[in-house]
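Working notes, beginning with the structure itself.
Order of writing sets the chain letters: A, B, C and D. Residues in each chain are counted from 1.
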Amino acid sequence: MITLQLVLLVSSALFCLGLAIVLLRRNAIIMLIGIEVMLAAANLNFIAFWRYGAEPGSLTGVVFALFSIAVAAAEAAVGLALILLVYRHFRTIDPGRLPVAHD
Amino acid sequence: MTETATLFLALALIPLPPLAAAAVLLFMPGRLRRPAGAIAVVAQALALFASGTVLVRVVAGGDGFREVLNFTWFQLGAETVVPLGLLVDATNAPVLLMVSLVGLLVFIYSIAYMGGDPRAVRFFCFLSFFSAAMLGLLVANSLLLLFICWELVGLASYLLIGFWFQKPAAARAARKAFIVTRIGDLGLFLGMIWLYREAGTLLFYDGGAGVLETAVLGGLAAGAAGGMTAATAIALLLFIGAAGKSGQVPFHVWLPDAMEGPTPVSALIHAATMVAAGVFLVARAYPLFEASATALSVVAWVGAATALLGACIAVAQREIKRILAYSTVSQLGFMMLSLGVGGPVAALFHLLAHAFFKALLFLGAGSVSHGCGEEKDVLRMGGLGRRMPLTFACYGIGMMALAGFPFFFSGFWSKEAILHAAQAWPVSPGPFWIALAATFLTAFYMSRQMLLVFFGRARSEAAAQAHESPRLMTAPLVILAALSVLPLVVATPAWPWFEALVRGGEAQWALSRLLAPEVWPLLAGSILLVGAGVGLAWWIYHPGRREAAGRDPLEDRLGAGHRVLAEELYWDRTYDFTVVRACRWSGRLAAALDRWIWGGAVALAAALARLFSALADRLDRRGLNHGFDLGCAGLRAGGIGLHRAHRGQLHFLLTTLGVGAVGLLLLLAWL
Amino acid sequence: MNYLELISHVLPEIAVLVTALVLIGMGCAGGSRGGGKAVLAVTAAGLGLALAAVVFGPESGRLLEGMIVVDALTRLFKAVLLALTLGTALFLFPGGEAGGNEGRGAENSALLLLALLGLLVVVGTENLLLLFVGLELASLALYLMVVFAAPAGRPAEAALRYFFFGSVAAAFLLFGFSFIYGATGSIDLRVIAKVLAAHPVEPILPLGVGLALVGFGFKVAAVPFHLWAPDVYQSAPAPAAGFIASASKVAGFFIVAKVLVLGFGVVEGSADWGAFAMGWAPLVAVLAALSMVVGNLAALAQQSVRRLLAYSGIGHSGFILTALVAANAEAVRAVLFYSVIYGVASLAAFGVAGCVLRARGADRLEDFAGLGRTAPAAAGVLALALLSLAGLPPLVGFFGKFQLFAAALSGGTPGTVPGLLWLVALALLMSAVSLYYYLRVLKQVFFAPAPADAAPTRDTSAGTAVCLVCGSVLVLLGLFPSLVLQPLQRALVQLF
Amino acid sequence: MNLTASGLLFFAFAVLTLGAGTAVALVREPVRAALVGALCFVGVGLLYLWLGAEFLGFIQWLVYVGAVAVLIVFVILLTRREDAGGETEGGRFAGLRVLGGLGVALALFGALAAAVLGSGSLYREVPEEPMVLEIAALGRELVAGAVPPLILVGVVLTVALVGGVTLALVERKPDA
C-alpha cells in the first residue's frame, strides 16, 4: 500500500527541506546540516529505487548510497574545517556577516 | 615548370614578401629606421612585380580567364576535408596590381613622412603586415581564407590608426574602427557559417562544386526559409560584413575618425585599399548576390544612401582629411550602388580609379598640412597654390578626377559608367537620381576645398609661411597623378577594354558609341552637373572675397542647415539622447533592482536589462557618430550594475542557484 | 575480474596517487622546508610518469560495467589534463613556494595531484557512481587548495563560499543521479542509453537530467550556477585558480558532453527557435544564452584581471554549450577541441596574471601597465592568449569558434533557417563585446607606461618555458588545427 | 485504502524525519538545531530499515549520528563564544530573504512532486518477497564490482584528513 511514489515524495520533501535549511539559516554549521539532509534524501531515493526495482538482486542502489554516505562524511569534515578557519579569522560563522570580497 | 605552376608561384609570391618583411621588422631593433623602410619597400616591390606578372598572364589568357589552385588545409577522417585555395581571375588581378602599386608608393612616401618617428620600424612592420593581409584577402579562393585575412586587415588597421596611441583621440578611433567593423564582421562570420552549412564547402570555385558555381547557387536560391531564400539571407549577411569594412551608412561612423592615424595610413587603408575590401567582397561573391534580387536591391539602396549622405556631410566639414574621409564614404557608396544595380564592372573600375586619385588626395593633404605646420583646418589655409606648386598641381588633378571633370580623368569615365548602370536599373529610378545629386555635391565640395586651400590669400600665419614638401613625398604624388589620368583609356564607352577583360569578349574601338543616343544625353547631363557644382563653389568661395579667417561663407547662406551638416546631421546628439540614455537608465535599473529587490530575479532582470541595452546600443549605432564612445561608457556602467548583483552574500548566491534549478525544471515542465 | 588487469588500466591514476602520497609524506617529514625544488621535481616526475603510462598503457578496455573505460578519447583527455596540470605546477609554483606559504608546498602539490586524480577518474569512466566520487574528490581538494596556500581571511571566505556552492550543487547532482538510476535501473551510461532507446521516457528522467545539469553547470560555471567563480578566481592562490580555470574546466566540459550525448542523446529534445521540445537541449540552450550574456557583459565592468578572466570564462562556457546543443558528432568534436584550447589559453592568461600579482601585489588593470616593456615574453603570451580567446585569426581560438558555431548550425535540413541561428547570432554578438574588454587589458599591457616605482615583473625560467609552450601551442594549432583535431576525430569515430 | 502495520510504520518514520528536518530550519539555538538534525538522521536511518536496507541504516546511524552529529555539536561549542545568541536575524531584508528561501524550496518541491506524480510506473507496490540485504553479498560486490570507488573513497577521506590536519596546524602558527 505504500507505493514507490509516496517514498519519492517523502525524499523530495526531505531534499527541499534540506535546501530550505541552507537558504534560511545563517549559521554555517546548520547550513552544513542542511546539505547533509539533501544528500540523505538522495540516498533515500537510491535505496527506494533499489527496493522497488525490477531486479532486487542487483545491489547498485545500495552500493551507491553506501559510497555517498562516505563521501558526505568527508564533505562534512572539510566543511567543518573551513568553518573553523573562517571563525578564527572573522570570529563569526554567519556567512551574512563576512566581509564580501571587493575589488 | 608549367605555365599554371609559374602563375601560382607568382600568386603565392604576392602576399609572402610583405609578410616576411613584417616578421623580420617585428624583431628589428628600433634604431634601424632606414633599413626598416628599405626592407618594407623592397618586399612591396617584389609583390608589385609578382602582381604585374599575374596581370599580364590574365590579360593574355583572355576570355573569362580563371585559374584556381585548391589545396587541403587538413583532413579529418575519411570525408571531412578542409580545403583552402588561391584564385586568379580578371576580378582580382587588376586590384592586386592596384593594391601593391599604391602600397609601394605609400611606403616610399612614408619613409619621408615617418622618418623622424622613434617607432618608425614598428610602423613599417605594421604597414607590411597590413599589405600582406590585404593581398592575401585578394588572392583567396576560399571564404574562410578570405575571412582570416579580412580579420587580419582589421587588426592591422587597428594597430595603424592607433599608432600614435599617446593621442587619446587616436586610441579611441582605433578601438572604434576595430569594434564597429567587427560588428560587421559578425554578419560576415554568420553568413560564412550558414553558407558552410548549406554548401558544405567554402571554396569559391572548385570545378563545379564551389559556392559561386551553378550547382550550389541553384540549391541556395531554391529553398524558402522564413520568407526569403537562403541565398538572400546569406548574401545579406555577407553584405553586413562588406558594409562594415567599406563604411556604408549603418557602419560608416568609424571611417572619419580613423583619420587620426598617420596620413600614409589614411591614404593606404582608408582611401585606397582596406575600405575597398568590402566592395571587393561583394564583387567576388557577385554570383551569390545575383541569385537574390532582394539582396541586390538592398546593396543598391544602401549604396545610394551612403553616396548622398557622405557627400552632404563633406560639404560642411572644415578639416582637410575629414572632408576627404566623407568623400571616401560617398564614393564607396557609389561603388556599392553600382554593384547593386548590376554594374560590377563599373564598380570595379571605379574602385581602381578611386584608389589612385584618393590616395593622391590624401598624400596631397598630408603634404599640405606638412607644408603649413600641421594645420588641418581648410578655413585657415589659402593661397597655397603659389607656395606649393607641385602639390597644387597634383592635388588639382586628383580633385578633378574625383569631381568628375570631363574626358581626361579616369574618375569621369568610371562615374559615367556607374550612372549609366543606375539609369538602366529596372527596379527603381531612385538610386539614379540620388547618384546625380551626389555627383553635383561632389563637384561642389571638392571645388570648395580647392578654392579654400590653394587660392585666395593666406588666412593664417602658418599658411603664409608654407613651403613645398621634400622630394620623397612629392614623387609619389606625381606618379599617382599620372595614374589618375592614364587608366581612362581602358574603360571609355568608345573602347570598353576593361569590361571585356572582366566580362569576357573582345573590345572594339568605336568612337561613334560616345554619340549613341543612350550615352550622350547622360554624358552631357553629368558634365552640366559638374559644371554647376564648380560654378556654385566659385560663386561662394571665389578668391577675391574678403572674409574673416576661420569663417565659412556657406554658414551664412545655409543658416541652420549648415550647422546640421557641420554637426554630421546631429547623429551624436540623437545618439546621446536615445542610446546612451537607455544604457544609463538600464544600468541604473539594474543597480536599483539589486538594491531593492532581493532574490535571483535581480540577476535575471539585470541581465535582461543589459541585453536590451546592448541590443539598443547595436541598433541605434547605425548612422550615429562618435556617441559610440559614450555608448561604450553606458555599456560599462550597465556592466557595473550587473556586477554588483553578483557581489552579494552567500545566501544570495545559493538562492540564485536554487532559483536557477527551479527555473530549469519549470522550463522542462513548460515544454 | 582480474585485479592485475584493473591495475594495468589505471596506471596513470596510480602514478598520480602514489606521487601525491609521497608528497604528503614529504610534507610530514618537513621535506619541503629545505627547498621547494624537491617538491616541484617530485611533482613533475610523477606527472611525467603518469603521462608515460597514458601513452604506453593499454589502448582500450572497458572494465566493471563502465567504471574504468580506456579508449582513444579518454587517453587523449587524460594526457591533456596531465599536461595542463604540469603547466600549472611549473607556472605557478615558482621555486615550489606557493604564495608566501613556505613549508606548505608539499601538501599543496599533493592536493593539486589529488584534484587531478579526481578529474582523471571522471574522464575515464562511464559510470555515474565513479563519476560522482571523482567529482567530489576533485571538488574537496580544490576547496582546500583555495584556502591552503595562504589561509588568510579572504581566501578562507572564498573557500567557504566555494564549498557551500559546490556542496549544494553536488547534492543536486546526486539527487539527479538517483532519479536517473530510478528511471533506467542502471548507472552505466551505455546501458542507460540502451534502456532509453527501448523504453518510453517518464517525467522523472528529464527531472533527473535537469537536476544533474545543476551540478554540471556548477562545474563549468554556467549562469546561473556561476556565482562562485569570480570570487574564487580572484581570491584563490594562483595555482588553484589556474587549475580551476584550465584542467578542471576541460574535464567539466568533457564530462558534460559525454554524459549528455552518450547517455542521454535520445532525450535531447530540441532548442530550435519556435520548435522547442522537451529534453536537455532547450535547458542547455538557456544556460548557454544566459552565460554568454551575463559573462561577457559583467566582464566589461571588471577592474581585477582575474575577475575579468573569470567572467570571460563564464562567457566561454556559454559559447561551448552553444555547440553542445546540436549534440552530434561534429558538435562533440567542436566542444572538446574548444575546451582544450580554452584550457591552454586560460592557463597562459592566469599564469601571466599570477606573475604580475607576485611582482606588484595586485592584479588590477593598472598593474598590467607597461608589462610589454618589462616582461615581453609574458606580455606576448598574454596577448596571444587573449586574442585567441577573442577569436582573432589565425590564432586557434578563431578556428575553434568557427567549429563551434558551424556545429551549432549544422542541424536541420539545408535551405531552411537553421534552428539555432538565434543562439549563434547571440554568441557572435557577445564575442564582439568580449573583444572590447580583452582590448582594455592589452591596451594597458602594451600602450600604458609602466609606473616608475613598480617592481619589475620577472619571469621564472620554468614560467617562461610554460609561457612559450602555451604561446606556440596557440599559434601552431591555429595554423595546423589538425594536430589536435585529427586524434580527436579518430577517437570520436570509436565513440559514435 | 487500508493501513497495514508496515504502512503505519512508514508514515511514522516519514513524519519523524520531516518533522525533525523542519525543526532544524526553525530552532534558533544552534546546539538544539544540531540535536534535532541528529534526530532527522535517525529518522532517515529508520526509513532505510523500513526499506529493507538494514545495513545501510546502521551505517547511517554510525556515520551521521555517531560521528558527524557529534563533530557538528563539537564545532558549535568551539565557535559559540561570541555567537552565543545564535544567529542574528540582521540585515535589512531578512524577511525577504526568508520569503525567497521558502519560495525556492516550495517551488522546487512542486516541480519534483509534479514529475514524481506524473510518472505512471512509480505507482507500484513493494515486491512481495521478503527483502534482506545480505551483507556478504554487499561485501562481495565491494571487493569485486566496486573496487575503484572503494579505493577512491579512501582517497577522498585522505583529502579530508590532510585538509583537516593542515588547517588545524595553522592555528599553531598565527598569521602575522
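In this text, contacts are C-beta pairs under 8 Å (C-beta built on N, C-alpha and C of every residue); 3 or more make two chains touch, one makes a residue touch a chain.
These figures come from a predicted structure and were not determined experimentally.
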### Query
Any idea whether C-D or B-D has more C-beta pairs in contact?
C-D
### Task
Compute per-chain Cα centres, compare each with the mean of all protein Cα atoms, and return the closest chain.
C
### Query
Centre to centre, by mean C-alpha position, how many angstrom separate chain C and chain D?
31
### Query
Where the CA atoms of chain B average out and where those of chain D average out, how many Å apart are those spots?
66
### Query
CA centre of chain B versus CA centre of chain C: separation in Å?
40
### Task
Let me have the rounded angstrom distance from the C-alpha centre of chain A over to the C-alpha centre of chain D, please.
5
### Residues within chain D bordering two or more other chains
97, 100-101, 104-105, 108, 111-112, 114-116, 119, 122, 145-146, 149, 153, 156, 159-160, 163, 167, 170
### Summary
Residues of chain A that touch two or more other chains sit at 8, 15, 18-19, 22-23, 26, 32, 43, 48, 63, 67, 71, 74-75, 78, 82-83, 85, 95-96, 98, 100-101
### Task
Any chance you could list the residues of chain B touching two or more other chains?
600, 648, 650-651, 654-655, 658-659, 661, 665, 668
### Query
For the protein chains shown, what form does their contact graph take: line, ring, star, complete or other?
complete
### chain A-facing residues of chain B, complex
647-651, 654-655, 658
### Query
Where on chain D is chain B touching in the complex?
93, 96-97, 100-101, 104-105, 107-108, 111-112, 114-115
### Summary
Seen from chain C, its contact residues with chain B in the complex are 160-161, 164-165, 168-169, 172, 206-207, 210-211, 213-214, 217-218, 223-225, 227-228, 230, 269, 276-279, 282-283, 286-287, 290, 293-294, 297-302, 333, 392-394, 398, 402, 405-406, 409-410, 414-418, 421, 424-425, 428-429, 431-433, 435-436, 439, 443, 447, 480-482, 485-486, 489-490, 493
### Message
Considering only the defined contacts, which chain C positions touch chain A in the complex?
### Response
128-129, 132-133, 136, 140, 143-144, 147, 151-154, 156-161, 163-164, 167-168, 170-172, 174-175, 177-179, 181-182, 185-187, 204, 231, 234-235, 302-304, 307, 364
### Query
Which part of chain D faces chain C closely enough to touch in the complex?
111-112, 114-116, 118-122, 144-149, 152-153, 155-156, 158-160, 162-163, 166-167, 170, 175
